[in-house]
Amino acid sequence: MSKTVLKVDKLNMHYETLAGNVSAVRDVSFELKEGQSFGLVGESGCGKTSVAMSLLQLQADNAKISSGSIKLDGDEIVTKSEKELRKIRWKGISIVFQGAMNSWNPVVKIGEQIREAIREHFPNTTKIENTEKIQKLFDIVGLDHSIMERFPHELSGGMKQRAVIALALSCDPKVLIADEPTTALDVVIQDQILKEISKVQELLGLSLIYISHDIAVIAEMTSNMAVMYAGSIVEMGKTSEIFSNPKHAYTKLLLESTPSIVGEKKKLRSLDGEPPSLIGDIKGCTFSPRCPDPSDHCKNQTLEMKLIEVEKDHFVDQCCVKCV
Amino acid sequence: MDNSLNEKEIQKRVRREAIKRNWLLFRQSTLGMIGICIIFFFFILAILQPILFMTGVWDEGVYHPVVGYEELKVNLLVVECPDEYPTQKYESVGDCPGDGEITQRQIYNPNINPQVGDIHESLLQPSPPSSRHLLGTDSLGRDIFSQIMEGSQVAFILGLMSAIIGVSISTLLGTIAAFYGGRVDAYLMRQSDLVLMLPSLPFLFIVSAFAELKIWHLAVVLGVIGGLGGSVITIKSQALQVKVKPFVDSARITGGSNMKIIFSHILPNVAPLALLFMVFSVTGAIASESTLSFLGLLNIEMSWGIMIYLSQTDGYIFSGMAYWWLILPAGLAVTFLSGGFYLVGRGLDDVFNPRLRKR
Amino acid sequence: MPKNVIEIKNLEKYFEVNAGFLNRKKSIVKAVDNISFNIPIGESLGLVGQSGCGKTTTARTLCLLDQKTNGEVNYYNTETKEMENIDNLNDSELKKFRSNIQMIFQDPYESLNPRWTIKDIILEPLNIHNIGSLGDREEAVKEILTTVGLTPPENYMPRYPHELSGGQRQRVSIARTLIMKPKFVVCDEPTSMLDVSIRISIMDLMLNLAKDLEVSYLYITHDLAVARYMCNRIAVMFNGKIVEIAETEELLKNPVHPYTKRLISSIPVPDPQYERKEYDLNFDELDEIISNNPDTDMVDIGTDHFVATHDVKDILF
């Protein structure tokens, strides 16, 4: 039984806006084990990036965690001060953002920017040691050593993204979060980057949280996954299990609405309507207004959302469990 | 019939919600709210004056800012200043004559021959603030408060007119430069550079030498100079950003002519920035007017700048706080009103530029 | 009666790039390098390739948003029922062209004028081409809004784009494009910026409209799976050239060109048990081969399946 590296328990986060409180993350709980790759899949606005930001306590000024706990190696993160958090970020958990390749400082060389990150966490290392470390990282992600002396605008999108991964690994983190790292990259380069990430994970024994809206990528990259809708997790379990035996209506729709280039060309289903507004108090199952086949208790919104274990390691929101 | 009613209702509701939302955003900016209050205050002043005249509260003969006249008299005792100091009454040379006293030599009238000990009736001009004249009178006996109100009218008219003229010109030129590019763009940019290089004040001197600068003339001149200057470049860059948006391509594919695209698609999206410029250029216009009036170049009857100009020519400007009501109200009015417009511009900036918002 | 809705022969679009001090050095970027294809009436062609391969430039040139450098483009004129050239169109012919060929854009947030109401946005084509009376036009707007699924239309007509979701905005774009009943619509990745679960509804809408109104699409995308769903034939573009063009299923089952093979092998499959066949490709080598052999004759390897050989059959295949 491998060790639990990250444990999120009933995390609730909301944004304070002019229109009211928007609950972005609602009662999210999951566990990440050592060396495991965990996928978080859902559409834009479902809260997956908010979860990622909460893990690093990098949320926006008007975002507040109202309740819940995040434990990294048993250590509670939510209550830490900014000073303590700075020690954890990048060393305990690090992240590859969406569009991170555009977050390089255009007037500083790549190598220098990575060294800056290392110096922050390991102030006593020499420049030579740091350079060697970066060279090793570049070898892992498949970049030439000369890239260290280049400026960001001289690199292609794929190279910049690989450098971002090197940057994320520079302080030997235990957990790596990848939030849509291949958006805006070509399919061929995406393929290369995904292979790099898998290789890195195996080599360094990292725990990986992979966030994406692309269910095909999640299928290939992760061993366990959770499906998010409107701020809550609606289904969670082993990736292979969920793909072969989906239980939640949203999961089923997600799988049936993804076109594929293999297999027979089949008629796909689609979803009508829009995600619900997350302002104010929300009662009952958030997905029932869009469920193509709701039963009575869905329409009456009597059940609160809660994950129930239907099979070993396979959790589904109780509303859909009652339907089946 | 039912359907169209629905549509109009929805449209009205949509518009009301948009205005409400923008107002809420604007309200969040304290600077903008302060600016609005200042402008509102001066606006009240501007419309108060004709109301007071019309309702008869103020007698035009006395309170008119240009031709009003109040003869305020004060009784002064004629004294003789001693050769040596200190005396019982006076400590030093500067103390003679004291309050309510006047020396024989100071009365410049050959017809009267005042003797020491006589009571001399003298015209009190300029008179300090009193119950009849809230801010006193100037050296010609005219009510200062009324002049401030008149100046407020002038400032609003001049400021808004020149701003509107200037912004119309720069928006049109900027959009045309962005849309057509090439030689048209190059020409307009060089023209803009030239106008930017022009030192505006000396240029205005020259113009005033050739033309009689009344309010309307000054508004047009200021508007044209402002409009052809740097704002063309900024609006052009905004128009360029709009030009490459897909909805402009979409309009072109639908078959829209160039004119239609410029006026129906690009201009409405450049309008917020243009509005911002307009508000800021009012500031400049008001300040320019007071500078030019101070230098005596304008042919306006009464404005804040004229008030300061008069106080200078009458020699009161370096009198320190002794005749403060001749200088301070006008000076503060210019500062506050142009500052008010600037603050409103800052508030509008928050509304139009989402990235600056505090959420 | 012609059988194609559009015919393209040897289309080229070059850009001059200024570089160097005082812009002395000028190099030429061949964004679209000698491509040819036809689209039969009632069929759709997918144009697949990576960003920068020239597919968007092709689209813009076809719609006369940018001027082509060389080549021949013939479109089907619904009035004369003949194939006509797009060169040297005078003003009235250009207008007629504009009502025959339309484009749907990728970004639902930027392809509608934020200051116009939905009603005005959809009315614009009718106003420009002066079709019908004012009352007729309003009726047409209501009708097309219902067709694209935005009902009741009166609720949507007075609204502004920012009040609608991405999917709804894209439906408005489709309504505006199809209200003129064009025969040929270029679609530039219309679903790539939409949520995954609503993409299918938009694509299904487009497929139904294609059947009902007899519209052909040139569907541009980087996602082969989407192209498979929408199109009868697929053309693969690489560096401005079409390297392979065939019927959809044929292309996916029997890819011939190395680039096509590499493309197909990189696409992730939504099935955890599926093992993707790996196919590696040295892009630098391919670039060199292509630049050394600029002649892009397409070879028919049977079953209506064309492949660019770059005259070096033995090295490539």
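By letter and in written order, the chains are A, B and C; residue numbering begins at 1 in each of them.
One rule holds in what follows: a contact is a pair of C-beta atoms (placed from the backbone, for glycine too) under 8 Å apart; a residue touches a chain by one contact, two chains touch by 3 or more.
Everything quoted here is computed from the prediction, not taken from an experiment.
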For the chain pair with the highest number of C-beta contact pairs, give its two chain identifiers.
-> A-C
Greatest centre-to-centre gap (Cα means) from subunit C is with chain B
Separation of mean Cα positions, subunit B and subunit A [Å, integer] | 57
Averaged-CA centre spacing for the pair subunit C and subunit A, given as whole angstrom | 33
Could you pull out which subunit C residues touch subunit B in their complex?
-> 60, 63, 65, 94-95, 98-99, 101-103, 105-107, 110-115, 117, 124-125, 128-129, 154-155, 157-160, 163, 173, 176, 180
Of all residues in subunit C, which touch subunit A in the complex?
-> 50-51, 165, 167, 195-201, 204, 222-226, 228-229, 249, 252, 262-274, 276
Subunit C-facing residues of subunit B, complex = 3, 6-8, 10-11, 14, 18, 245-247, 249-256, 260, 265, 268-269
Hey, which residues of subunit A end up touching subunit C in the complex?
-> 43-44, 186-188, 190-191, 194, 213-217, 219-220, 239-240, 243, 253-255, 257-262, 265, 268-272, 274
